[in-house]
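In the two assemblies presented below, chain A is common to both, partnered first by chain B and then by chain C.
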Partner chain A sequence: MTAPSAWARFAVRALLGTGGVLAVAGLWEAYKALGPDTGVVVHGVVVLPRTTDMAMPHVWDMLHKFSQPVNIFSGHQTVGSAVLDACVFSLKLAATGWLIGVVVGFALAVLMARFRLAESAMLPWIVLSQTVPLIAIAPLVRRWGSQIHIGGWTWTSENSVAVIAAYLAFFPVAVGALRGLRSPDATHLDLMHAYGVGWWRGLVKLRLPASVPYLLPALRLAAASAVIGTVVAEVSIGLRGGVGRMIIEYAQSAGGDPAKPWAPIFGAIGVGLVAAGAVGLIGLLLRPYRRGEAS
Partner chain B sequence: MKPTSNRRRRGAIVAVLALVLAAVLAACGSSNDDSGASGSKKLTPVKLQLQWVAQAQFAGYYAAVAKGYYKDEGLDVQIVEGGPDIVPIDALSAGDVDYAISWVPKVLGSIEAGAKVTDVAQVFERSATTQISFKDKGIAGPADLKGKKVGSWGYGNEWELFAGMQKAGVTLKDISLVQQAFDMNGFLAGDIDAAQAMTYNEYAQVLETKNPKTGKLYTPDDLNVINWNDVGTSMLQDAIWAPTDKLSDSKFADETVKFIKGSIKGWVYVRDHPEDAAKIVTSAGSKLGESHQLWMTNEVNKLIWPSTGGAGMIDENAWKQTVDIALGTKNDQGKTIITKAPPSTAYSNEYVQKALDELKAEGVDVMGTGFKPMDVTLKEGGA
Partner chain C sequence: MTHALTDDAVTKDGCAIRASGVGRVFAGTKGHQVIALDDVHLEVAEGEFVSLIGPSGCGKSTLLRIVADLDHPTSGSLTVFGKSTHQARVDQDYGIAFQQAGLLPWRTVAANVGLPLEVHGVARSDRQTRVEELLELVGLTDFARSYPDQLSGGMQQRVAIARALAESPRLLLMDEPFGALDEITRERMQAELVRICSETGAAVLFVTHSIPEAVFLSDRVVVMTPRPGRIIEIVDSRPTAGHARDDEFRDAEEFFHTIARVRELLHGGPVAAARGVETR
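The block that comes next holds the complex of A and B.
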């Protein structure tokens, strides 16, 4: 691989990425211009949305909204900077959740890889845990958490949101890492055996490096899950400061100011992209181990 | 394995560890900064659970905090905001908070299910729930709802509507019931003929929207409003609830009187200074626009003032009407809110009476006989 071709590939990728975003915006405006005002209705079911300004604001109106002030009292803060603040807040919670999820998920995977019994006992529960609706556990986590006081430290709603994000994030890591730790060839394992290496040494020297190609996609999935968990939990318990709460607050203006509710939604998308990008950086650092990953 | 590749790997691992550590530190740093509250001594900490996020609906409590009325009573009140999935009475029963704001009919269901809570002050004397429709639909009263698409949020917000329909002889089979979202887009787009609207919120949302036909904002002249207070099927809304068991403790009973006292003083401030009150709520973190916030403050004032028996007093007849509707109104599944009358502990005027007596002695006007609402002009989008 030579340097110029790498740059060229990067340029092509960047162009394709921008093109993709522009294509979505173009499609939105094209449907808005050409589609019927009442939307496309088949047998009384709306299959395509209405094209009124209220249902589908113009792309430029939505973008313009970012430069407008939030309200009179907020001084000169614009919607854009308010959304940015909220994104940073949510991103921090999502990162905390992701980290807890990764640590817990990986620990579970190691445990399950070491003991078959642990796998049979835990894996069904791990899968089952993801079938519990998030909005059902969010208020519960907050309630249980609020009973916790350790010394001068008390549980906050921020902690609840991070735990809920972790609850979603640990799953792909646990499953992905388990597959990864199980992935070394039998011949390699036999070699370790022949060397008389203990299980832990084998874990560090053989299983961990081998798990990287499985782990990286799992980490990316976990990042996306953590962001979703954070936003939904924020909506659910009304935690102030994040994008989730902003979505319900701005939804109020859906009638009078239809472009406004879209601002925090774009913010949430931004948080997801940044989270996925950050995990991509980890992938760069682990490149020497990535031989087998199909990406 | 060559030593160079080993070294490179070790470098990569160190880098990853450093990244992880940095993330941990960032996360820890963020969760600690809300510690270190007020430095004042001897104040009793009190937590109040709201039923929604900060907005002028709760202006009186925010004003009481901002103006130091709770502090004057020796209380350090922390307001806990609600959210879509937060049930205030659950938070109260679990002991997370000392008091909670909730609608009476919603709590009556919880009481029958075993919650031991008492309505210690009925802050809103009147109901703010209405059913609004555009004039051309010809819906002037509940009887006209027949054959129409009627919106409701559900989750306990539907009972005044159902009771009003039942009173007018309209059954649920006569209408098509539409699940309404948080915004009024369904109503504005014509998916709903008659939509549920709080006078202080959704009604204003419609008036903040441009009529595509005229290019100007909708006006009250464009709308028919069914007000359940007029129909006679209104139910009691925002009340202060306290845990029944704790009230037998004389210290908590005193604290309750003080809390009600501070709250009523807050609402008196909102009545006399609606514009400042709206600003207090906005600086407490509400994201509503200026004209919308002021509208809400003004409409909420109308629910309290002028007061018939002194702000916060629970009117026996209004309570009875609420309970009767809760017992006698069936929803789409044929269920009622409650099946038997609530226990006598469900409400008590003991504490609010004491609070009102003390306030009167201090010369505070708790009746608001001369209350005159403002004329609030809404701007597009509530800005």
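The block that comes next holds the complex of A and C.
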């Protein structure tokens, strides 16, 4: 409750997090050093990977790669700064997608919470929407989008990527927010009724704040979905500049430079972490509304 | 409802609640009907304290909810200060407290108490003054900035009572507000409620499972039976002249006498050993 213990808890968490990352790196190196070069094969099935530098570059090689130039033509730009650029690019798209997804998901949740009919009409479709493979919708979104021209503004591939990210992000928000908006107990609803408060006032005073504990995990899930959606959509639409496309590009140089493909992969992980961190900040801002959570 | 119901503050007949022939039938499972209330006649005068007592399922909460316009009778009629229950609710003629304190966990004690004022658009400064008054009344001034999860059950219940009193209602509806409290806190809360009621002059409809609580607090105790929910008798429990409702009254002969009477009614016959009964 007091500041020092909060900091202590934070420090413990940070240490545990760092320890976890180091443990994974250690495991990687240990297996690489001790495991057989050919990997572990049982009945012709590879159950553990080969440990050559080709398949499993050293951790320090992968890290060192960040400070190397991208290629001989690129002049001064290092892999690190190229990955960073790509991450920023993808993060922007993911954030846009997340925002659209959250707004749409939340609007749907409010509608469903207000009108039972809306719930029975929409909820099955909302669930169904997530069973369509991303690979299938990406070209569709792109094709439909390309037919949109509003004034001088035309649909870009970036828009398509953001829409696909939103398509994944809206789902957890719609479902989580609906549960949250339905969460106030009968006593609270009776109280609002006794005050003669209409549904929409009640939404602001009661349902919205009560939904926060349900909403935050949904926002976190939505952030993860938005990042995955962005990366996959970049690949399937073929949008340059983002970390998704970069993973494919760098993978092609794996033959001569096995550490290189790992750089954008770490970048993608970084994007995910930043997204999760941003949602964590939102959680901090909404702290008073989470008092019901623990107790 | 033949004559026009006006929303003037003064009630012509001096009645806070007037129920005549009120019935409530719930459609149960498989067409099976539950008669929660049957032919209930009850009048609660302004400033009067009336308790409802009876075994579980005899329709006490249902009656209270009907008065509060949270439920509707299937037969009979019920008016609050001479108006329809709907009008009385819209006019905020009553304050209500439930068995669970029902505080909003994300609001401080002060913000919880101020909630009804806030939703009815009372200006912030007026609100603040009123909330301070109320917290003083229930003895929680030091906890204004605390959150409900930082309070004990008894303190939460006091916050809920302060909230019910926020708009100085002429009628208080309370459904087992002390049900979850321990004996000692309970007796203290009862004493506080007696004080608050004498200070505000509000009429009270009070649901309880405790005979001594009902007898201690009330001017009249309404004894009910279940299936179907009916009033068997209304027992006068006003202390005789010269007696106040204080701790001394808890030891008075007439207190035990009334308790025995209510017990008898609840058990459907005379009960041996009237003295020394459970004195909760």
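Just so we're on the same page, the second predicted complex is superposed on the first by the 293 of 295 C-alpha atoms of A that agree within 3 Å, B and C clash if a C-alpha of one lies under 4 Å from a C-alpha of the other, contacts with A are read in each partner's own complex, and residues count from 1 in each chain.
One rule holds for everything that comes next: contacts are C-beta pairs under 8 Å (C-beta built on N, C-alpha and C of every residue); 3 or more make two chains touch, one makes a residue touch a chain.
From a predicted model like this one, the values you see are computed outputs, not experimental measurements.
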First, second, both or neither for A:R245, with chain B first and chain C second: first
Dominant contact partner of chain A by residue count, chain C or chain B: B
Touched partner set for A:P288, first chain B, second chain C, both or neither: both
Contacts of A:R201 with chain B and chain C, given as first, second, both or neither: second
Partner chain in contact with A:L191 - chain B first, chain C second, else both or neither: second
Touching both chain C and chain B, counted on chain A across the two superposed complexes: 288-289
Complex contacts: residues of chain A adjacent to chain B: 50, 52, 54-55, 70-74, 89, 92-93, 95-96, 99, 135, 138-139, 142-143, 146-147, 152, 156, 158-159, 162, 235-240, 245-246, 248-257, 260-261, 281-282, 285-289
Sites on chain B touched by chain A in the complex: 5, 8-9, 12, 15-16, 19-20, 23-24, 26-27, 30-31, 34-35, 52-54, 81-87, 90-91, 94, 96, 182-185, 188-189, 201, 205-206, 208-210, 212, 279, 282-283, 285-290, 292, 380-383
Complex contact set, residues of chain A against chain C: 185, 187-188, 190-197, 201, 205-206, 209-210, 212, 288-292, 295
Residue ranges of chain C touching chain A (in the complex, touch as defined): 65, 68-70, 89-90, 92, 94, 96, 98, 100, 102, 104-106, 115-116, 118-120, 147-149
